[in-house]
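Structures incoming, each one as structure tokens.
Here chain A shows up in two complexes: once beside chain B, once beside chain C.
And now, the complex of A and B:
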């Protein structure tokens, strides 16, 4: 008899072992067992992705492994997404999220994207290694409230400045808030590049996104 | 000790590449789009015009007094994928970028045809540019060719994200793509050699062991690198660029018939020097971001540190590059880099 804990553990394993088919099936079984989508994501998928991140840091996993793990995570997430009930009715913002050009490690970005979705944001993931202009084009096209950018490589910080300048040049800087995070950044660097907020981890990024949205609407 | 510059740039380069001691360290910043900018041209004017690009290179050579012109085009890393048929976006005053991946489905790999360097994309432009530069300054100055490696070309054909996913999900496709890309690299490399390059900068950025892991590097990258480098051996000096963490595969890389290594990070240089010994050429480099944002004083000091870490104590067997400079790199920073190389890199002969 498979219980709740087993399924959550299996979901985490599916992500760690980069098994999209297993992740999809286990997500379905989690729902059948009455596990909430939030719990399946929090206690299964994100826990698995955290282990993947640790393996990446210790050089056991590399970029192709991250991408395969992300594919497994996304496969399960697609099953769970329709079961997410938005509890914060006031959170109805649109976020364009991605890793700026030169950054292909997107674990943190993926986790933030999922947590923003769970919070009620409409999230448009433009992916890893994205030039500033693509963020701007997506924000214009979608009429986004927030652009959330992950930066893990120090030498790519100039692209953040380029993005901030680009938003000004495009005349949408007042309408679009810039939220940044990632291991190459700090609160000071975020201020220096003209960002509106910095999230030191996924949870803080989501909190800051909510604050940005609330302040924007006041 | 003679502190004047006794060697021509080409002799200085060849001496250093051979692991010996020239009059000073050759310094060869990658001023590509930057060369157009300081020549008063828009980048789009030189992207497909061999004459104008050569003119920009010669203007920059004269302006900075360094040792090499960089032949080809401003975005040499796009050339082969474009020649295979990937569409290119050419902004008015910025670097062209690929906007299409032509291997959308695995079966598309069978439709790929190895590009002809005399016909496809901007390969003929690059070849013509080499011929122009070689005839005008090749006797005294290094005419550096550049070649993107097969793993990176294959990733461009397929799309980087998809290609990285294929390493897990469809390794056979990765092998197939790398095989056809290797053949393209061989043809284009041979054409560059025939056109008159003095050295070939071989860079396969995405293949770095730190990105894909040492095991995959040995399986998916090394055999192709070995095959194509064997084609160029003794025909041209090959400077091989591998990224951080590459010490994990250094023994395998040193078995390739290459003439010099360029480690990505200054921090790695001392470790590489220890491994390769004092008579194998290493290349130190500066990040484009630093060249763009640091002060000239900082650049001079960083250049000194690179030399201290990478050059053997007895001198020689060392060269200085930069990463591809952004077009708006302050000219005074390039001046500072070249000046520091000439100050701290003098051996006296």
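And now, the complex of A and C:
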């Protein structure tokens, strides 16, 4: 008999093995077994995606594998999404999220995007390898509260500065908070580039996003 | 372009005025060294004449102002067909509008119709009566060769890109099978074969997109080793049946034309034994050996 642990393990495997059909089916089975959508995401999908990230770092996986794993994760997420309870989603901010130009590794960004969505944010994912001006255009168009940026390549940090300057030049810096994260950054670097907050991992990024939103509204 | 293997050689397409191209002085206003640009284009033409491999240009611009200037320059200096390749739809459409106004209908190829195309872009292409376009078979939901077929064919939820190209009035569709990264070159090559087989349209890809991101290849194996990898990547997609190869910066013409012409010659000779004749005596088979 399949138990809760088996299903969570299978969900992680579906992501690792890039199997969208399996992920969709296992997400349905998780719900049928009474597993909360949050747990299925946290303990299944995100665990799987973390392994995919490790495999990418060790050059066992490549860009097509990342895309296929993300597709599997999204397939399951679509099934789980309606079961994300509203009471946990008390925040109602808009976040534009993406990886700054030169960064194609978007696993961390994808995980943060999912966790922000779970928390109740409206998330607009502009994707990997995004020039600063596209973040600014999206933030203006959507009237976003937060721009969340992932930076995994050290040499692309100057683009963060360009983004921060661009927000000022566009006259929207006071309206849009800049949240940054990714393995190329630290708290100090984040301050240095003028970011409003730094999240060292996905959970902290979400906590900081909530704080930014709360402070903005005070 | 197209036909049975051995009939026509692959068209080799070099990029000019691309991001950080050293001949460009101001990418926003489109200021560049005309002498250097002319030399690069002439060099590609010479390589094409010498080897028999036909060539196009991929003219890249980041603003409408710049791309229009590049289009004017290229149209005046060569008779080659060229791709109009802008950083976004507005830039591309503005430049295409200009190209059509000055009578380049039969020389310009819109680059590109892709997954993110919007209705206003399709309408604009139709209104301008653009004849030729590159269609990029990139499927963010399925990176495997079959995913490229799916995005071209369409699904119940989403219209296929080949149908969208038709809606836009495109008569000559050239499929780019979308190289995602270096290992993705194999997938894109397999997709070239599948696309031609299933849809009967010319197909190819841009190996340079992968090679230029291969930092280890650049650093560790020396210039010679890296150059051989550039040429080999083009040869690989050619052996999968590519009709068009976007080989990268136009400066690489000297690296790419000889091996591609040689391979087209070999393909044509082999095909001759199967009853296929070359479409003309300008084929590399009669020039390269």
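Here is the rule we go by: the second predicted complex is superposed on the first by the 214 of 218 C-alpha atoms of A that agree within 3 Å, B and C clash if a C-alpha of one lies under 4 Å from a C-alpha of the other, contacts with A are read in each partner's own complex, and residues count from 1 in each chain.
In the analysis below, contacts are C-beta pairs under 8 Å (C-beta built on N, C-alpha and C of every residue); 3 or more make two chains touch, one makes a residue touch a chain.
Being a predicted model, the structure only gives us computed values, none of them experimental.
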Item to check | Winner by number of chain A residues touched, once chain B and chain C are compared | outcome: B
Checklist entry - In the superposed arrangement, which partner chain does A:67 touch: chain B (first), chain C (second), both, or neither? => result both
Next on the checklist: Applying the document's definition of touch, where does A:157 land relative to chain B and chain C: first, second, both, or neither?
Outcome noted: first
Next on the checklist: Looking at A:129, would you say it contacts chain B, chain C, both, or neither? Reply first, second, both or neither.
Outcome noted: first
Checklist entry - Looking at chain A, which of its residues have contacts with both chain B and chain C? => result 62-64, 67-68, 71, 104
Checklist entry - What residues of chain A sit close enough to touch chain B in their complex? => result 18, 59, 61-65, 67-68, 71, 104, 127-129, 131, 154-158
Checklist entry - Touching chain A in the complex: which residues of chain C? => result 140-144, 180-184, 187
Item to check | Interfacial residue positions of chain B with respect to chain A in the complex | outcome: 97, 160-161, 164-165, 167-169, 210-213, 216, 245, 287-290, 292-293
Item to check | chain C-touching residues of chain A, taken from the complex the two chains share | outcome: 62-64, 67-68, 71, 74, 104
